[in-house]
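Consider the two complexes below, in which subunit A is the common component and subunit B and subunit C are the respective partners.
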Partner chain A sequence: MSALLAILWKDLVSEWRSRDRLVAMGVFALLVVIVLYLAAPPGGGPEARAHVPGLLWVAWSFAGVLGLNRAFASELENEALSVLALAPVDRGFVFLGKALASFVLLLLVQAASALAFALAFDLDLRPVAGRLAGVAALGAAGLCTLGTLFSAIAVRTQYREVMLPLLLLPLLVPVLLGAVRATQALLLEGTLPWPALQLLLVTDGVFAIVSFLCFEVVLDE
Partner chain B sequence: MTQSTSLPRLTAAALGVSALLWAFFVWRAPIDAMQGPIQKILYIHVPCVVGAYLGFFLTAGASGVYLWRRGERADRFAAAAAEVGVLFCTLVLLTGPIWAKGTWGRWWTWDLRLTLTLLLYLIYVSYLLLRSFTEGSERAARFSAVYAVVGVLLIPLNYWAIDLAGGRTVHPENLGRGSLGAGMGAPFALGMLTAVAAFAHLLVRRLEVGALRAERERLDAEALRREA
Partner chain C sequence: MSVLLRAQGLAKRFGAVTALFPLDLELEAGRTLAVLGPNGAGKSTLLRLLAGLARPSTGALEIDAAARSRAERRRAIGLVGHASFLYPMLTTRENLVLAARLHGLDAPGERAERALAEEELLGVADRRAGALSRGLAQRVAIARALLHAPRLVLLDEPWTGLDARAAERLTRRLAALPSAGRALVIVSHDLGRVAGLAARALVLVRGRAGWLAAEALHSEAALAPAYAACVEQLEGAA
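Let's turn to the complex of A and B:
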């Protein structure tokens, strides 16, 4: 448990000092918002607004993948990854620390880009802000657990920046579908459908357990 | 070496016999009253599904064995089964739309089974890419084994998610339950047999290639050691 907190603290402090991941993810998410706005039907009417839930998750998952790509890149310098693997703690907690750090960063980016979406598409998110944050967090949790596992794999392959989305996106379908359905109902009707939440909760649980167990094997060098 | 040379001959003979019988029965099978001659594509399409799923489940099984025992042979088996499975799945995804265009009037719909098969295909293509982009055979084996096991574990979740998203099920039901007309059962059964024989033959040949590659790597390493 203390290993988890130590890794989380280390990642967040080093991110606070350089701020490179956060800035890159934030700027990228903003650019995606602009591109999506330009690609949507002109005028930003109800037709364009109906697509916002899906577009939000496009921006969030792309920004998440961008951030996850860097999650282990810094650990390659000075063989830090091998030291992490040699640390006399359960590697599952190393995994949880790394995943939590990515999760916190993604939440910040999600909040900022939701604001950008609200401004661009003229949406009033205030009445649903709390519930939207909950759905965003559930989606981000699934993205970051499986993403951290595959990031640890992709970082040690050739073309690592290309490899992560190829590995991750086909397996993220349950999380993305659940999250988009829940966000759709929330933004268009103001309700939270239980089946979509159920899918998100179960998927998050399965992803967390599977990644926790497999991380041990992935670090085994 | 006798075992390794006689096995491919056996699978090739099985493939040849069943393919000939299958082609004969497909030729003799009646033309479907509703769909016309295009229905005969299903005699290829459905057996290829068997090959595709056989490949994917064998890959996941062999990957599980690899993670447990760390045997090189299990890894070579997983790689071979994945490649053959992807080949069959490509055929499924090519023949399906041709039939669908003639029967449903469109090439593709986001039906539950179609989407699930497409996703599984993409997962296994990513699996093969991961293998080829990872340096070091032990590392490639470990990474790809983890990926294959995770990929198969998540199939039920994908099924649930696509079902929830309301993928209209327009795909025909599974075989059996008396849905086949007279003279249509034999070509389907022989098609399945041919697909399994083709799968076995390709798998055996691909395993030979894997074994030869491993042997060459071992000889290269030995030569390097002798030089040093």
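Let's turn to the complex of A and C:
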């Protein structure tokens, strides 16, 4: 647990000082909002608002991939990844520390971009804010657990920027399916469908367990 | 004396290229082994294999037979690599505190402070590692590697970038480590420094290994011709 917290602290302090992931993720999510705002019919209306749940997840998932691409790139500088590989701890906790840091950053971007979407498309998110935050967090958890594992694999490949989305996005389909359906029902009908939540919870759990167990091998070489 | 490191038939291939041919190696606590050889000989590959950062293609490696788990074996190792392994956005002190926490040491802040004092690095404790000179970064890297008092210390060109005073202090420190029950593996081109430190020397040339007689390590004057002869012989074999 101490190693997990140490890695989380290290990643967040490094990010606070460099802001290289947060700025890239935030700017990307904001650009999506701007482009969609300009592409929507003038005056917005229910037609444009019907697309918001899917568009939110387009922005969040690609911003997440952008951040995850940098999650291990910073470990390559000075070969600092060796410090983690040599640490006498269960490498699953190294994985959890890295995944949690990415999760925190993605939550920040999700909060800021949800606000931008609400302003651009004249949405009142206040009645569903708590539940929307929960769905966003569940989707982010799935993205960050599997994304951290694949980021660690992709970082040592020649085309890591391309490799991560190629590996990750096809496997993220169940998470995105559950997250988009839950967000859609929440924003359009004010309800939270249990099957969508179930899908999110199960895939999050499976991704977390598989990634935790596989990280020992991934970090080896 | 307990054996800290035992390798049998340890070899490493990268595709069709053999970086290290099968090698047998044994190192007891309290001993220092020098690994010498020209560039591209496989010295750093050997060190990465011993540290557990790379998997051998064939052969077996045993680190600290008393260790019961992978984590315990990793705890036994302190590695100074070719790179500094430092996080550039963290300060010198923060890098050491992080290493202490990762090794589960008590009072990580105090341990880091003590290591900074020992290495005379308190003046740069709050400077970001990315802003340190090569020599200072190397001193921090050495402090980080020795922070958890590892039993097996692996060093890749440890004197690189150090000024004369720091290099001399490091040599004295390394000379004292075996008496504390540690074993050292030093990869270096600096024959003069390793001559006074090591009891055994392994020479690598294009992945092939040869051993130097113990007498060759008594002085640089004795080591230089013995090393040159061994390199020539191995080059002929390759």
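One rule holds for everything that comes next: the second predicted complex is superposed on the first by the 218 of 221 C-alpha atoms of A that agree within 3 Å, B and C clash if a C-alpha of one lies under 4 Å from a C-alpha of the other, contacts with A are read in each partner's own complex, and residues count from 1 in each chain.
In this section, contacts are C-beta pairs under 8 Å (C-beta built on N, C-alpha and C of every residue); 3 or more make two chains touch, one makes a residue touch a chain.
Quick caveat, the model's predicted, so the values are computed rather than measured.
Using the contact criterion defined above for the overlaid structures, shared-chain residue A:27 touches neither subunit B nor subunit C, since it reaches no partner. In the overlay built on the shared chain, the residue A:2 is in contact with subunit C alone; subunit B does not reach it.
In the superposed pair of complexes, A:35 makes contact with neither subunit B nor subunit C. Contact with neither subunit B nor subunit C is seen for A:115 once the two complexes are overlaid on the shared chain. Using the contact criterion defined above for the overlaid structures, shared-chain residue A:170 touches subunit B, although it does not reach subunit C. By the touch criterion defined above, A:220 lies against subunit B and subunit C together after alignment on the C-alpha atoms of chain A. Within the superposed three-chain model, A:84 lies in touch with subunit C and out of touch with subunit B [touch as defined at top].
Residue contacts after overlaying the shared chain place A:153 against subunit B, while subunit C stays out of touching range.
Judged by the touch definition given at the top, the superposed model places A:195 against subunit B, while subunit C stays out of reach. On subunit A, the surface touched by subunit B in one complex and the surface touched by subunit C in the other have residues 220-221 in common.
Within the complex, the subunit A residues that touch subunit C are 2-3, 5-7, 9-10, 13-14, 17-18, 74, 77-80, 82-90, 220-221. In the complex of the two chains, the subunit A residues touching subunit B come out as 146, 149-150, 153, 156-159, 163, 166-167, 170-171, 173-174, 177-178, 181, 195-196, 199, 202-203, 206, 210, 214, 217-218, 220-221. Per the touch definition, subunit B reaches subunit A in the complex via residues 67, 119, 122-123, 126, 129-130, 133-135, 139, 142-143, 145-147, 149-151, 153-154, 157-158, 160-162, 164-165.
Remark: subunit C residues 51-55, 71-75, 77, 79, 81-90, 94, 98-99, 101-104, 128-129, 137, 144 touch subunit A in the complex.
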